[in-house]
Structure formats: C-alpha cells, structure tokens
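Structures are listed in the sections that come next.
Both complexes below contain chain A, partnered by chain B and then by chain C.
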Partner chain A sequence: MKTPSNRKGLIGLATLAGLIILWFLLTSVTGWVSGGRFPSPAEFWMSLKQISGRGYAGATLASHALHSLKLVAMGFVVAVLTGVPLGLWMGWSRRAEAFINPVFLIIRPIPPLAWIPLAILWLGLGDAAKIMVIWFSAFVPSVINAFTGVRNIERPVLEAARMLGTPRWRMVREVILPAASPMIFTGLRLSLQASWTTLVAAELVGALMGVGFVLNMAQQDIYPGMILVGMITVGLLGWATTLLLTRAERRALAWNVAARD
Partner chain B sequence: MNDRPLSFAETFFLGLAGLVGFIGLWTFLSVSGIVPRQFLPNPLDVATRFIQLLSAPFAGATLPMHLASSFERYAYGVLLAAFVGVPLGLLMGWFRLLDDIVTPIFDGLRFIAPIAWVPFAALWFGTGIGGPVMIIFAGAFPPCLINAYRGARFVEPRLIEAGRMLGTPNSRMILEVLLPAAVPSIIAGLRVSAGLGWQSLVGAELIVAAAGVGFMMVQAQGSVQTQTVMVGMIAIGLVGMLIDVLLRQGEAWLRRRRGLEA
Partner chain C sequence: MGSISFQSVDKVFGGSVKALDDINLEIADKEFVAIVGPSGCGKTTCLRMVAGFEAASSGTVSVNGRPVTSPGPDRAVVFQQFALFPWKTVRENIDLGLRNKNLAIGERSELIAGALKLMNLESHADAFPHQLSGGMQQRVAIARAYVLDPEVLLMDEPFGALDAQTRVVMQEELVRISRRNPRTVLFITHAVEEAVYLADRVAIMTRRPGRIKEVLDIKAVREREAWDKYPKIEDVMDLESFVHLRTHIWKSLREEKGFKDV
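Entry: the complex of A and B
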C-alpha cells in the first residue's frame, strides 16, 4: 500500500506549493489583494522579523507565546485534576450522579466563552481570569468523558474484581482507572482544544500579554502582517500541544491494543 | 460500584438536594456579604433583572431584541456553513483528487481556533453582520464538512458498484446514492455545528459586534452590572439548549421516517 500514501503526500506538497505561489501572485505580483486586506509574503516576513526581534505589543513573539502556553497549561491541569475525579466519582456512584447531575445540567448549556465577562468582573484583566475561564471550558469535557468511561466498563470485569475481594482503593487504581482511560483521554483532547479557544477569546476581549493580545493589537493597528503571524502562532501552539497529548496518551495506553491503532 | 439503579424518589430528592445546595450556597455568599452583592448578586436579583430586561432596554435594546439580532447572525453563519460544508464534503467523498487537495489545507487550518479569525473577519467584513457571520461560519464549518465526507466515504461499496455498473453519471451518483446514504451522518454533523456555531457567536459578539446578547454582556461588564451579565449567560444557555432540543427532535423525526420507509 505504498503508492496511495505517496500519491497523497505528493498532492499535499503540490497543494502547499500551489497555495504559496497563489499567495505571491495575488498579493506581490498582481496586487489584486491589497496589503490592507491580506499581507504579502514580504510583509508577513517583515512582521515576523519585527515581533521576533524588537517585539510587538510589549514583548517578543516567544514571550507572548510562552505566556499563553503557561495559562493554557495551568487552566488545563486544574480542569483535569478537578474534572476527571468528579467524573469518575459520578460514574462510580449513582447517588453522586443523582446529586450532582441537575446542577451540572444547568451550568453545562452556558458556553465557556460566555463566562469571560463575568471572569473579568470578578478577577480583572490579569492571568487569574484567564485561568478561571479555561478551567470552566475544559472542565465539562473532562467530567463527561470520565463519567462515560466508567459507565461503559463491562460488567463482568467489575464483577470478577469484586468476587476476588479487591479492596476499594485497588479497585479504583487497577480496574476503574485503566478501563476508563481511553475515554478519559478523549475527554482530555476535547478539553485541550476548548482551552485554546477560550484563551484566545479571553485574550482578545482583554489582556496585557499573550498571542490573543497580539491579535487584538494588530487588529486595532490594522496590521494584516501581524494578524497572520498571530494566527499562525495560535495554530502552531494548538498543534504542538495536541501532539504532546497524543504522545502521552500512547505511552499511558501502551498496554491497550485497541488504542494503539 | 453501586450498580442498582436508584428509585425515582431517591434520584428526585438527591437531585433536589444538589440544586438546593447550589442555589443556597450562592444566596448565602451574596446575602451574607462574604462576596459583595455588586459582584455576586443573589438569584432573586438576577431573576428580577431578567424580567426587567424583557421590556426595558439595555445597551440600546431589550433582551428579546438583542437575542433576535444574535439569532439572525447565527442563522446566516450556520446556514452558510451547511451550504458550503455539506456539498464540499460529499464531493470530497466522491472525487479522490479533491479529497487529497482539500484535506491537507483543512488539517492545517483545523488547529487555528475559530475565534482567532476575529481580526481578519473584522478587517474583511466589518463588525456589523459580516464579521460575526464569518466567525460563526469558521466554528460551524468543520463538522458539516467532516460528517458529510465520512458519510459519503462509508457508503456500502455494493451500492456504488451497482450504480457504476448501471453507468450512473457522477452527478446522479452523488445526489441519489451518496447523499441519501450520508443523511444520518450529515444530520449528526449539523447538530454539532449548531452547537459550535452558537459558541462562536458568543465569542464574536464579545469582541466585535455592536448589538446582540454578547454585546449586551460586554457593556454590562463595563458598567459593573453583574446581574445583567448573568442574565446574558442564562439567556445564551437557554437558547443554546432550545436549539439542541429542536435539532434532536428533528433528528428523531427523520430517523423514524426513514425507519418506516425502509
């Protein structure tokens, strides 16, 4: 099956090359798309050089990116550390589910982004407000998937473990957690995606630092080259963190043939 | 684990206890003054404000008017996503070359959060209706495309072979074989799109709009009217829920109808 994948790669490369040539043609060569709407490759390169060297919106690209990365990491970790145990608990105990579910059902329909104004009112424009909204947005997928993961464990597995008199703690650590982990990781991936979306939105609404702030400033300055730099940075950061999570998943689920894929 | 399903009474009272606990804690924090009322109005304040906003304008319009203008943008964005995404997905499912060309572009763009399109959206289409529509489109488009594509790709090969053998032209193949077979997947995709589109709408209105619920919330935030911000959140949640319920009903209806036909 080597030929089809080769073909695919070649067409992909050709597409990429075609797009770059088209970009050149439309902006630099013919000027059909004016620099005020979309930057030419040269303008993009200059913007990139400016923000990497002298900096833009108060800092260099690396420090903006690092700042955003730090906030996402913190919000994501807090969400996972609170969401996954809650989901596991709700999956484990029907009483817990009955107790928590109605509250959860009330809060869930509120889109994460709708928390941004409230977070700013409560915590201001700094880092704390961002971590709060990221937490809220990443929390829900973590809970739901951990819950579903536990509920989907096959009955015989649990019954066998219980028949052998497995103590509670070992039951959680050695039966429930591993069996639910593929689902938990699905939730983590959704959580990560939600974290980035929320952070960028929150930084666009109000911030002092970060990639969303770069986008915001570039929009106000009507600086298309810098907008493109900001967007590509957002994409690269999302891609890199997803890759990291996939690596972690593969390592954690190495025992699981179905997940190895 | 307790496998025994709870009785109705147990579920009801535990749920009630949870709700009472939640609203009780909220009221307690607000009324006792542990959190200043300006920042955490109690539930009654929020309910009163909600009723007020039904007729009294804030930020230039009443709540129903804000909702109507939000919904207009939302409908344009989601419909546009469906009308572009579904046909493109079907075409990609049929023409391999198109698939190979579009997929890398799509995969590259996927990692850019829809909300990051805000600056270009504002620059290209302004902040009135065009900009927000583009952001909603960016949020709602991927599931439309992916689900139509998957639905078309996983059509039973026998059907395609039969169609080919009978010399069916490409256009009829797509419209009469792929499309009907992909409908369940497309509908599921539309439901996801509708949810994501609603999310993007909120984001878009927080940043660029000059009307709509999101705009109302930003204005309320600026003048530290926490209860109005909370009314906005509740309204957004309710409408989102309503959209989801309606689409679920539609999906169930369609499924029943197809079940009867088969």
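Entry: the complex of A and C
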C-alpha cells in the first residue's frame, strides 16, 4: 500500500529538484535570463533573508503571511458559515430556491474582484473591506455545491428517513448534512481557492500589510527577488491550507473515502 | 393489528397519465400478499401509497381503518436499493428508528441485539454498509424495518437487486423470519416464483393503467400440499401444486402485452 504513494512523492521531489537546477542553470550559470527579469537563486535567497530579518514593506515575512492568513481564514469561515446553510436550505425547499435564486443569478456572474472598489469605498483600505470581498467570492461555490449536494441525495434515502419517523432537526443533522457532505467539501475546496485569489488581488489594489502588499511594493521597487518571495509564500500558504482542509475532509468522510477505494 | 385496505383507488400522474384504475384489495392482519405485474403497471405505486409517499388521486388507502396521510414507522418499508445511510454503521442504521421513538438506551440496545440476531448480522454490527455485500445490506434494511415492530411491512422488490443465489437465500430467510414473527406484508415483485413461494395470496395486475386482474389463494394450496415440510426452495418449486400455480400466473401475465420481464 505504501510504495505507490512513496514513489509518487519521490517523483514529485525529483521534478522539483529538476526545476531548481534548471532555474540555477538559466540564471546564475549561463546568465541567459537576466536578473532584471527573473531573480537568480542567490538573489531570491538574499531577498528572503532581508524580509525574514530586517523586514520589507513595513514588516517581516512572518507578519505579512500571518496577516494574510488571518484575513483568508476569516473571510473563508464567514463565507462557509453563511453559504453552506443557504445552499442546504435552497436545496431542501423549492420555495427558498424560488425566492433566492433570481437574486443569486444576477449577483453570481459579477466577478468577485469587481466588488473591490465598492468594498474599499465602504470600508476603506483596512481588513474589513478585504474580508468582505473574500466572503463574497468564497460564498458562491459554498452555496452552489451545498445546494447540488442536497438535490443529488437519492430519493430512497430521504424516504427511508421519513419512514423511520425522523424529526426535522435530526433529519437535517443526521441525513441531509452527511448525505450532502461530499459535495459540500468540494464547495469548500473551491471556496478556499477563491479566498486566496481574491485576497491577493485585494491586497494588490490597496493594503498596508500582507503578502499581496509585499508583491505590490516589490513591483514598484522593481525588485524581482522579492516578487518571487511573495509569490512562493502565497503558493505555500494556499497549499498548506488546502492540505488542512483535505485532512478534515478525509476525517469527516471516512465512510465515503473508503467506499471509493 | 395491521390490515391494509385499498378502496376504489385511482392514481393519475401529471394530470393525464392514468397509472392505477379502481384498485380494490383487502389485506388481513398477519397476511402476506404479493402483487405481481408487468413493468410500469403501478404495483410499486400501490406500495408507495400505503407507505404514505404518494397520495391516491381518488379512493382511499387505509391501514387499520385509518386513511394513510404521511409516512410513519408503523409502516416500515424495505426498498429495492436498500436505502441504508452509508455514513452510519449497521447498528446506527437500525438504531435511528428506535431513537425517533424516544426509547431508552437499554431497551434500544436490547431490540437492536434481537434484530441483529434475527438477520444473522451480529458480527457486522459496527461495519459500514459499503463494507457489506448486497445481500448483507438488504439484511440490514430488513432488520431496520423489523426492529420497529411495524404493523405492516412494505417490501418493494426487495431482492430485485441481488444475484440469483443470494436471492434464494434471502427468500428462505424471509420465510423463516415471517413464520417466527408473522407480520402483515405487502410484497411487490415481478418474479412469479418468488411471489408463489412467499405469499399467502398473489394479486396479478394488468399493464397500465394497472387494475387487479385476479387474486390467487396460495395459502390454501400450501397448507393442503404441506409445502412447509420442504426446507429448500427448489424442492417446493418442483412440486406439481407449485408448478401449476406458477404456470397459471405466468400465463395470466403473458396475456398482458407489456410484460417483458423475467
């Protein structure tokens, strides 16, 4: 059982190592790519040391990263706590769907980033505006997938629960929620991705802290090494949060993951 | 007590498609009645109306003289596709109906133990449904229904999704448990042998719009010819009295143009 996943991990590491060697060759060794366009590993390392120690754009990398992480977490959690129940409700009640869907259909095609100007106008350049925009962008996938999750529940399962005399609240908690949970988790994953995308965009437009702000400052300073540090930091943060979510999903859906194996 | 009564029941789908036409059928307490008929004749609709999943367009479906209005644990259903809760263990699946009745935990575990024993599931109590074979899953569904001690048991082609060997085992099991705990059973199937082997009476339906064409008394023949002496289904199926009934139903169904099953 272990060998295939180990081998997969090894191949992944090898690819990564290959890329780094290629990077090294193209920049430091041959100089084919000039330092003004893309940093060499050495320049990257210097930038990383600078922002980790003295700091850059007003803070150290850890503070910037933590700040961004906090905003994503808050926006994501608010989006999930509002989006999933709304999606479940719309999936369960045709009337709720009839009421809410028209509004949803109009709002949904608006790209989340189009909310940024309004958010800044209302709430300024601070955290609240960013949380609002993240909320709006992460909200949609949570709603849609929770809705679809409920609609896809097999009819006999619901009928079995009704036949057993299951009261309403227990029906929601023990039948509808678990039955829809594989789709709900798909929605959460998409919501998390949307959260990071939106956060970086919002911080690029206007911020005083955060990884997007680092990127924006590095661009203005024409500082390729620092741009790369910012990009890789976002990538790692996105990867780590997705990993956490996947862990939670695996735990919550043990009955389902095992069924797929 | 668990009598079922269909009185002049019609069912129309979508305002125009007549599915059932003037169904009249009285099922006595502890009687096992099977309905056979061609695909799409509305036999499952009959069961769903007793379950409370669907309402009659006209006429009355009643259980113990009370018209059916909604689903409830007094009318336990066993579905063709098992309809277990995959996120619950076998024990939790069986327990849900008991919890809904607000029984004390001690009483519940006693009843669950009894149901597990009845269906030979003791060693699988903590397994999840996906870890069990189809036959085992249907045992869980039957246990989940039996544990409620329902007045009537509604079985909608319960063995239709099982392979041939498992099916025979389950049929014998059902005979065993229904002899030990007699219940009023409404059993829907398109398998003629199954109906004759299991039921006290067999109702034959016409193709759509479904009407009850004929009701055969199997119990009288079974008792006269002492079918219960034979422990194996294949021995009963070889008896001349069994073959005679089966052929009769078979011919009756063949007259219905829509009959392509089996």
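Basically, the second predicted complex is superposed on the first by the 238 of 261 C-alpha atoms of A that agree within 3 Å, B and C clash if a C-alpha of one lies under 4 Å from a C-alpha of the other, contacts with A are read in each partner's own complex, and residues count from 1 in each chain.
Basically, a residue touches a chain if its C-beta (ideal position, glycine included) is under 8 Å from a C-beta of that chain, and two chains touch if they have at least 3 such contacts.
Only a predicted model underlies this, so the values are computations on that prediction, with no experimental measurement involved.
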item: Partner chain in contact with A:G238 - chain B first, chain C second, else both or neither; value: first
item: Contacts of A:T197 with chain B and chain C, given as first, second, both or neither; value: first
item: Chain B versus chain C as contact partner of A:L16, first or second or both or neither; value: first
item: Partner chain in contact with A:W255 - chain B first, chain C second, else both or neither; value: second
item: Touched partner set for A:L125, first chain B, second chain C, both or neither; value: neither
item: Which of chain B and chain C A:A160 touches, first, second, both or neither; value: second
item: Chain B versus chain C as contact partner of A:L48, first or second or both or neither; value: neither
item: Contacts of A:P102 with chain B and chain C, given as first, second, both or neither; value: first
item: Between chain B and chain C, more extensive residue contact with chain A; value: B
item: Contact residues common to both interfaces of chain A (with chain B and with chain C); value: none
item: Partner chain C, residues of chain A touching it in the complex; value: 154, 156-157, 159-167, 170, 174-175, 178-179, 181, 255-256, 258-259
item: Touching residues on chain C, where the partner in the complex is chain A; value: 51-53, 70-73, 75-77, 79, 81-88, 96-97, 99-101, 128, 130-131, 144, 148
item: Of chain A, residues touching chain B in the complex; value: 7-8, 11-12, 15-16, 19, 36-38, 92-95, 98-103, 106, 109-118, 120-122, 150, 155, 158, 176, 193, 196-197, 200-201, 204-205, 212, 215-216, 218-219, 222, 224, 227, 230-232, 234-236, 238-239, 242
item: Footprint of chain A on chain B - complex, ascending; value: 1-6, 10-11, 14-19, 21-22, 39, 97, 100-101, 103-105, 108-109, 111-120, 122-124, 198-199, 202-203, 206-207, 214, 217-218, 220-221, 224, 226, 229-230, 232-234, 236-238, 240-241, 244
